[in-house]
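Some structures to go through are shown next.
Okay, so subunit A shows up in both of these, paired with subunit B first and subunit C after.
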Partner chain A sequence: MTPAGLLDVLGLRSGYRQGTVLHGVYLSLKPGRILGLLGRNGVGKTTLVMTVMGLVRPTGGMVRLDGDDLTGRRPDEIARAGIALVPQGRRIWPTLTVAEHLELAARHARGTGRSADDMYQLLPRLAERRRQLAGQLSGGEQQMLAIARALVTRPRVVLLDEPSEGLAPLLVDQIGAMIKAMAAGGVAVLLVEQDLHLAFGVADEIAVMAKGAIVHRSDTPAFRRDPATARRLLGIQA
Partner chain B sequence: MTARTRRAAVLAALVVLAAAPLVLNDYRSATLARMLVFALTAASLDLLVGVTGLPSLGHGAYFGAGAYAAGWVALHVTHSAPVTLAAALAMGAVVAVVAGSVAVRARGVFFLMLTLSLGEIVEQLAQSWSSVTGGSDGLYGIPPPEIAGIALADTRSFAWYVLAVFVVGMAALRCIVGSPLGATLRGIRDNEARMRALGYRTYHYKLAAFVIAGAIAGLAGALFAGLQRVVSPGDLGFGSSGAMLMAVIIGGEATAWGPCLGAAIVVELRDVLGPSLGGHGNLLLGAVFVAVVFALPGGLARLRRVAG
Partner chain C sequence: MSLIFGMMDVLNLAHGVLFLAGAYTAWWIVGEAPSWPRFAAALAVAGAAGALAGVGLSLLVGRLARRSHLDQALLTLGLALIGADLLSIAFGDDVHSIKAPPGLDGSTAVLGKIYPVYRLVLIGLGAALAAVVHVVVERTSLGALVRATVADRHMVAAIGVDERKVKLVVFAVGAVLATTAGVLGMPVLGVGPGLDSTELILALVVVVIGGLGSVRGALFGALVIGEIWSLGRDVLADVAPFVQFGALALVLVLRPRGLFGAATGARS
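Up next is the complex of A and B:
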């Protein structure tokens, strides 16, 4: 795979004490494009985003952002370089208010772009609840907050780890619209998803992971036209 | 409770505290001063334990270092209250910088044990550096502090002096907790990895919390030295640190006034009721601690939340 994107992952290897999880992942994200990353449970999707973000230490390979080598850097350095993570399970701070979340996230924001006020305009529901503790929000509101928290850092790349998890279909559609809007603003998006409806609805391309490596990559329409591949790689009817 | 009623309650409490030395005898006024000193120390520890999520077992070291610094300055340089307070604040901060730069790299039980070890090292230093600390005898005969040339020798005026410093220290701590730094510290407590992934170098923030807490504890140590007129190595050892942590847990961590309430209870049980119970104050304190941990895991401050 030729590295030519904003974010290039080149032969990335990492894992935990129990063993290696990523066995040489190659991936490339382009500005304004959404890559949907699919795969069965336990194939290393979350480990991949955690490693790119610096939260899991890589044992080999390289992560480059616009040509700069970020491999092995600290998470705070990677975040300041322009990569934002929306983690699985939201991971909001339950004892902080909505406003405090966005203020904290905006402290290290890069250049110009979306501010907390922009987020309130985009998501009036968050504006109504800005003085409320995040732990008291509904699951959908918490997910919106998690995404807004990532966006106010003015990232160049956003890594979304299963943003639809546990949400009602209507809320999933709203999350999908937010993801499309961030890509329309020029952000490169990696969307790790189990929900095929969301992934197919927003992603420009689909990549499939198996056993710690990317085993398939194609445009979303092409992937949808090939249900046999989807069944073989994911074990489901696409 | 609205912000307005909260302000009114704080004001009422301060009026009661300010008026108390007028009606209390010398012994009870001194006890009140001791409670306020211990309350300020517990509140500073809560910045670490409750706000930042760093359960320290070595906070007595910064309190004691402040007490020694204030005592030494009062004995050898000047009795001036602002100078002794500044010396204690600075000494608490310096010791906290040294200890914190090591301790905040660790987490969980390792952090706990490191803070305990560092506290013990400081206590040993106080024992062995006799030419400065007086060794196992400590510093004694410390003169009362002076303000504008007037010595605060009587118990009543000293209690007011302690109350004034307590108010300033608590106001500083509340400002910090309510500031963006406070929100950052709470974010670190709730999910440190998330803060790092937002661009925060959390080590620096945790160290800042450590130093602020150490400086305020040092300030409280200066009050202690002026009150007791003697400082000994036991004041900065594990017994002292453990009692501070108990005060925070009994009162309720990460609450505005919980640690102060806990401190008042610890002083009352250990120092006031203890002697009349044949020296079994610590036994009673332990029983109360166990009861609170099991019956009110969030501390006594939780009672108000439950009632509310």
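Up next is the complex of A and C:
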């Protein structure tokens, strides 16, 4: 396979003490494009995101950002190289205020990052809550904060792991708009999602994972025209 | 004193021996002739030694980062036992004491009782130090980084910060505070074998009462136990040792996660 993207994942393997989870994952992300990653529970989607970010140690294969080998590097080095994470469960810091989140992330951004003020203009709701502790925010506000925290580091690639989890439909649409805006700014996006409405609404391409490997990839309209494949791979009516 | 325990999620059982090392440093430098320059020198030497020890401990414990609390505790306990024995070999098994610096060695009346001036100063210093640490942790950007590391160090790494450096600095500061406390406490407590375990238990009581992982809780617990311990010994001499453990038992029964502890563990 010829790597051609901004982020290239080549035969990536990793896992935990209990066993191997990723059995050789190949995928590539291009600037300004959104790849929706679908798959049943437990197939390794989160492990893939955590391994690319350096939070789970790879046991084989390669992760390349713009040609630079990031395999086995520490998560802080990977972040400074330009990959940002919006993790499953948001993982905001509950004892920090909204402002502290954004200032902390902006201060350690590579180059001159977007400032916290840019984020407040983009997300007026966060501006209103800037002095509030993140632990006291609603689920939707926490998710916006998690996305804003990733964006102020001025990433080239953003990995989003189930950003719609536990949110009302109206908020899911807002999150979708934020993801589209990111890609419009030239960022390459990997969107791991269970919510097909969101994934189909924003993703340019769909990849499906099963048993620790990518088993299908097509552009979103083609995937939607083929309900038999969706049913076979995901066990649902797409 | 309880920064490392509470904030970095590491059971550092070498804390007591750092305190002991500070106390022996005071004995070694100040000795029988207390003076302000000698006290200052003892503080400087103990501080430097504490910073080095903290960095060393952080690096050693860092190698066990993926292991359980018990493994970390056993490592630091082993180092503490070795350290305490080395100090015994160097300074002997006798109990030593030094006088408070000139000008602070008198007594004054508090609520109709005679109370040593140095102890009052020590209580004031403790409160001031707690206030400084509180302001740094709660109000500065450095403090925000420390709080973020406590809450979720992986996400700190994910924004591009080498969280091991944060841990190193907090370890060093915690160790400096421990050795400094050893110097400052010397005129009150004296020094001899066994002081390390007394202080370690006290620090554990403080952290458990305040709530593991809570910065404010650790400071509050330290202040509460400090006051109970210092004033209690003179005002309620007979029951003072039981009051602090009574407080610990009460907190554990009514609020097992401590006064300011989070409802769930911050580790992920």
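A few comments on the model shown:
Rule of thumb we're sticking to: the second predicted complex is superposed on the first by the 235 of 238 C-alpha atoms of A that agree within 3 Å, B and C clash if a C-alpha of one lies under 4 Å from a C-alpha of the other, contacts with A are read in each partner's own complex, and residues count from 1 in each chain.
Heads up, the rule we're going with is that a contact is a pair of C-beta atoms (placed from the backbone, for glycine too) under 8 Å apart; a residue touches a chain by one contact, two chains touch by 3 or more.
No experiment lies behind these values; they were computed from the predicted model shown.
When both complexes are superposed on subunit A, subunit B and subunit C clash. Judged by the touch definition given at the top, the superposed model places A:211 against neither subunit B nor subunit C. Of the two partner chains placed by the overlay, neither subunit B nor subunit C lies in contact with A:225. Once the two complexes are overlaid on the shared chain, A:55 sits against subunit B and subunit C alike. Of the two partner chains placed by superposition, A:197 touches none, neither subunit B nor subunit C. Within the superposed three-chain model, A:104 lies in touch with subunit B and with subunit C [touch as defined at top].
Residue overlap on subunit A between its contacts with subunit B in one complex and with subunit C in the other: 53-55, 74-76, 79-80, 84-85, 87, 91, 93-96, 100, 103-105, 107-108, 149, 153. Per the touch definition, subunit A reaches subunit C in the complex via residues 53-55, 74-76, 79-80, 84-85, 87, 91, 93-96, 100, 103-105, 107-110, 149, 153.
For subunit B in complex with subunit A, the residues that touch the partner chain are 180, 183-184, 186-187, 190-191, 193-202, 254. Looking at the complex, you find that subunit A touches subunit B at residues 53-55, 74-76, 78-80, 84-85, 87, 91, 93-96, 100, 103-105, 107-108, 149, 153.
On the side of subunit C, the complex with subunit A involves touching residues 141, 144-145, 147-148, 150-152, 154-155, 157-163, 215, 262, 268.
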